[in-house]
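In the two complexes that follow, chain A is the common piece, with chain B as its partner first and chain C second.
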Partner chain A sequence: MTDLSQRRHGLETLVGAHGDREQLSATVTLEIRAAVRQLNLRGDPGKAGLRTAAEEALGQALPVQPNATTAGPHTICWLGPDEWLVLSATPDAANVATALEQALSKHGAAVNDVSGGQVLLHLAGSGVRDLLAKGCTLDFHPRAFAPGACAQSGLAKANVLIRLDEDGEAFDVVVRRSFADYLLRWLRHAA
Partner chain B sequence: MLLIDCPWCGERAETEFSYGGEAGITRPKDPAALSDAEWADYLFMRNNPKGAHRELWNHSQGCRRWFGIERDTLTYRIAGTFRLHGKDEG
Partner chain C sequence: MARQTNRLGSGGRIDRSRPLRFRFNGRDYGGYEGDTLASALLANGVRLVNRSFKLHRPRGIIGCGAEEPNAILQLGSGAGTLPNQRATQVSLYDGLEARSTRGWPSLRFDASSVNDLFGRVFSAGFYYKTFMFPQRWWDYYEAFIRRSAGLGVAPDRPDPDRYEHRNAHCDVLVVGAGPAGLMAALAAARSGARVILADQQREPGGSLVGSDLPIGGRPADEWIAAVVDELREFDDVRVLTHSIVFGYHDHNFVTIAQECGGDMRERLWRVRARQVVLAQGAFERPLAFCNNDRPGVMLASAVSAYIKRYAVCPGRRAVVFTNNDSAYQCALDLAHAGATVGALVDSRGSVSSELTDRVEAVGIPVLHGHIVTDVRGRLSVGGVRVARWNGDTDARADNSIDIRCDLLAVSGGWNPAVHLHSQAGGAIAWDERRHCFVPAESRQANRSAGSGNGRWSLADCLRDGRDAGVAAARSCGFDAAEPELPVVEERDETPLQPLWRVPAARDPDSCPKQFLDFQNDTCVADVRLAVREGYRNVEHVKRYTALGFGTDQGKLGNITGMAVLAETLGAPVASVGTTTFRPPFTPVSFGVCAGEGVGELYDPVRKTAIHEWHVSAGAAFENVGQWHRPWYFPRAGEDLNSAVARECLATRRSIGILDASTLGKIDVQGRDAVAFLERIYPHKVGRMAVGRCAYGLMLGEDGMVMDDGVMTRLGDRRYYLTTTTGGAARVLAWLESWLQTEWPDLEVYLTSLTDQLSTISVAGPNSRRLLEKLGCSIDLSREQFPFMSMRQADLAGLPVQLFRVSFSGELAFEINVDSAHALALWQTLMDAGREFEITPYGTETMHVLRAEKGFVIVGQDTDGSVTPIDLGLERMLAKDKDFLGKRSLARPDCVREGRKQLVGLLSADGRTVLREGAQLIEEPGAAHPVPMIGHVTSSYMSDCLGHPIALALVAGGRSRHGETIHASLGAGSIATVTIVPPVFYDPQNERQHD
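Right, the complex of A and B next:
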């Protein structure tokens, strides 16, 4: 497993002057979190033992309600009835994929490290909900988008996964690496 | 803009979905036994009703699952959405 702490996300030319943190506007800050490992997990949750095995390997349960996340050592987002994204910033994140794969191999599940293919943008500040609403059809009102919820949708036409943290203050936006350059420019412009 | 009630994600905007044609078309068990006309009917011929229409949709920007919608082709009113097979069917 490669060490993600020193990993280049390929956006240096775009964010070079600002580093990985950038003030998009007076009310929104952006941070590119390249060191968070992203694992895609697919498997049938109805199959006996899969959820228990995953819970043992990860130290927390898989969310089975649509558009929910669970917090714990990692953040696990629901992507579909048989698909999850594990976001892991723990020091031993590199070993999580191996452990998970070993634990789930006999349950017909697939674990893939997609850290290189996706970029995690962390957006914080009082203006974030308004900013996202400019390019997305989801309702970002606190009444509709609750803390800990996640949703996949389009942001400025790019496919994204949007998650609101447990405090209800900052959003994580996961986007394909190839769309990150475009989305970053759009966010800057829209903010 | 239509609001489509995805059986998993709930109500989302139409732009998150893609259309997949008429629902309920099953592949013949033994294609070799069909005449050309019957095969062409299975491949190409679709109903084009004015009124209720059962059709396939994919939540392509969301959970990426296929599901069915019953929609009125005249008024665009959606009578309901349904999962295609078992409740966990992808």
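Right, the complex of A and C next:
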């Protein structure tokens, strides 16, 4: 039998020597957060009941402002007018997808667990903004990218979701699994 | 090592405590930290630095910046060698090696300088006139021209240096850190705006670097330092030195190349600025007199810069020739540096006495109303001929005065550097009063300031810069106050006298050469000849004479050339205009354009969740889109063919296992999922029962096959689609575009699961037994789990989706599993499959197996011009519904007889493997042109069948089964082939249905 708790983010050989936490440079640390559950949610927020049902199932509201996130039990990122990413590190995270799917089924929404398809990189330290600026055209100045903001963009040559945490200190970078190896190599090179 | 004979005992912005050694053309020299290669060469008395491009005339350093046309040198050797480097912009470093790019056998004696003796032959349009006829000789001409041409050699090995890219955003970007730029940056920074100040020099200050002019009651250097110190105090201000702004693109996107030093050679700044202040200054222009290209003829401002910045006095006996006030300062600088100034020759009849007195006070004779008409000396200046002049350009010069000198400093006035303003789309206008082109209306959010805006005096530059900085900050919404202007000395100005072509002792078409473009050896006479031959438009004259075509892009002589053209045409300069200014402002290296994107970072390599296993199993990989996929798994001693033969046979006999995770996977759900997919797919989607799979063709609006895959109905309103590996992103975008732009009324949501799900294909007669052995929660029998259906199941304790689909023609299961567990499941399957000799296979075996079954690969057997009918799949086209591409399939061309159709081909000799792409013909030996009736799309050796097989598209092929045609094997060799149905293996489909 396969041990279901042994999830792999696919970067084990790259981060092997360092564990899941790595000092990329004197001013940037990288952490791979494989335990965070990632749910993709699509649905019409204008529909009566959908937002309420989602809020009940998740315990927090869906952000409807572009490029905003909401914090609560989970972190919910706005990806588009009808698309969100729920990042969940709660103990019962594995059940959130089922609960959400059930709650939203009658509202025509689509829920997909994408935890296995995306890798969450947590970048912290004083040099993160400079590092991201080497590969991303977004403006990460505090005036332009506020704490809690998120945006989908390119980092080097990979598509990513970038989120600044509520303290305005550290960034989460979500990248598709198949690009993660490339992106980690780039981060190491650029840092 | 030579002594630095021209180095002054004190002064300059060099660090005398840090001596540096360098080599030029094989000789050792010394310089100091802070030198450029040009200043160090001049310090060592090196006059002759290169030969000119066409005439091989001896050339020396003229300028001190981006305008330099002659000192274009090759740096270093081997992998790190750099061609086309302007010595005036190369910072000297210890161990630097440089050499001239022309001059054979030596720079002093260049055999090709005979070109100069036949200069009349090498006139305007030389290339067009000489190398055109006879046309069949062009190949020889081209080889000759290429050997003669070029400004250096490219390295033949990978660049060992590092480069990087950096994105940046600001409110106000200030280009140029001279007096105007500093004031603009200061004004914007104090308002709270985010400011980037970029300057190409080693230190900020522009023309003021090394100057002793008082500003605000203190020496200029101190004022600069105070401003820069204040700027650096702001968190949101970035001061970039050694940084050339080379491109002004749309939407205020500006590119800057920064020289870094250390192991990072260059950095590309990609700046998005809300407002741009262009304060990049002006270029001094030369005057076109005879032999004005002799080494030792320099721009007056460059002479001053070498003296002040680098403590280098380029000559001992100088003459200054000018038509404006600015060169008077050069005369003073020369005198101060200890040089003898034989005369200051000013074309103007009268000049303000204040200015004249100051020069005469240090013992320099001033000749008003005189011109320098010719230069003596060949390898360097030996003296000048001076004539009295009354302002008549048609006059013949009398050359009454002869002055011995080794340096001639020239000023023909100033050209604002309008390059970036013009790149940004801004208009430029001829200023009748200042006799130069100045920036007119901007098209983007930019404004010009300082001498780049036609302001000559220091006071005007400071004010103009401050005003531009304030205006830029205010445009960004900042409440900018006006900083107080520092007090500077104001002087009377005598206007410049327009003078371009200087009259000579003979007529301008037969006098010694008066150079306009030093890089391309374009002279006054060439422009005049072009006009005589009928050229009028400045762009045509440029191309005919090569004026401004060099790597300096005419920064030195172009405007003078335009003025000579205007004079020859008898038209005002304004009506002649200028040629177009395009990026880059100065040449940029390929390295800085590539940045980090070289080697393994050149393009992302996408890897499946099982990739590590493939690597450790010794797989050979191939690129499929951005993916690295196992191509085949060679065992010891195997090549591609033997490995693929083994993999194919193992799959047909027992079990093969394939990592198919790169397939595109799309989840489709929503109220209108059925309605949506009915419009996309040609087959009846709604009729599919839940849990059933179907082969799905996707057609473009033109009716041609665009992509294919398997689609599965997961629920009433939910489907799961697969796409080709290469088509995944394109298909998702295509589906989204229909939903978002054409059918927004449909409630359907698409989610890519390509990375979420890994797909493992287990194929072969023993595959069912393997899954049963692992422990599967469902009945896998043919009856309970038939071909083309899907089940949710637990396999080896993992939740999976099982699909009974087959791309090999064998009994097969495709297993979708959460990618986080894919490697574990693969390993489990490999372990359990050992008793069945489970064999991993790659894309090559996959291709052979599917070709044996006649399954097409979109993009290999189709090319965007193939309909489903051409493939023999008309049964898939529903008659009683509409779908994308349906209407196009009724076009006359789609229903005509004789379209190319998919067939199989068998070689008559049973041995010959055809070439993919081979053209098919009816009969060998037919008269040319031989009609082509089709081509081979796939071809393999089938070890399972014991003979080669091929798929092909053949005109009317389906009605020609059994006929014999011929295939080209290349090099005149022809194979005889028989047309057969495209299914070679198990045509009754018994094995996959098992």
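Heads up, the rule we're going with is that the second predicted complex is superposed on the first by the 185 of 191 C-alpha atoms of A that agree within 3 Å, B and C clash if a C-alpha of one lies under 4 Å from a C-alpha of the other, contacts with A are read in each partner's own complex, and residues count from 1 in each chain.
Keep in mind that, in the parts below, a residue touches a chain if its C-beta (ideal position, glycine included) is under 8 Å from a C-beta of that chain, and two chains touch if they have at least 3 such contacts.
Everything numeric here is computed off the predicted structure, so don't read it as measured data.
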First (chain B), second (chain C), both or neither touched by A:179: second
Touched partner set for A:114, first chain B, second chain C, both or neither: second
Which of chain B and chain C A:45 touches, first, second, both or neither: first
First (chain B), second (chain C), both or neither touched by A:67: first
First (chain B), second (chain C), both or neither touched by A:153: first
First (chain B), second (chain C), both or neither touched by A:137: both
Partner chain in contact with A:82 - chain B first, chain C second, else both or neither: both
Comparing the two partners chain B and chain C, which touches a greater set of residues in chain A: C
Chain A residues contacted in one complex by chain B, in the other by chain C: 44, 82, 137-138
Residues of chain A touching chain B in the complex: 44-46, 66-67, 79-83, 137-138, 151-154, 159
Complex contacts: residues of chain C adjacent to chain A: 164-169, 194, 236, 270, 272, 596-597, 600-601, 603-609, 611-612, 627, 667, 669-671, 717, 747, 749-751, 753-758, 775, 796-798, 818-825, 828
Chain C-touching residues of chain A, taken from the complex the two chains share: 1-4, 6-10, 12-13, 34, 40, 42-44, 82, 108-110, 112-118, 133-139, 141, 143-144, 156-158, 176-179, 181-183, 185-186, 189-190
Interface residues, chain B side, partner chain A - complex: 1, 8-10, 12-13, 15-16, 61-65, 87-88, 90
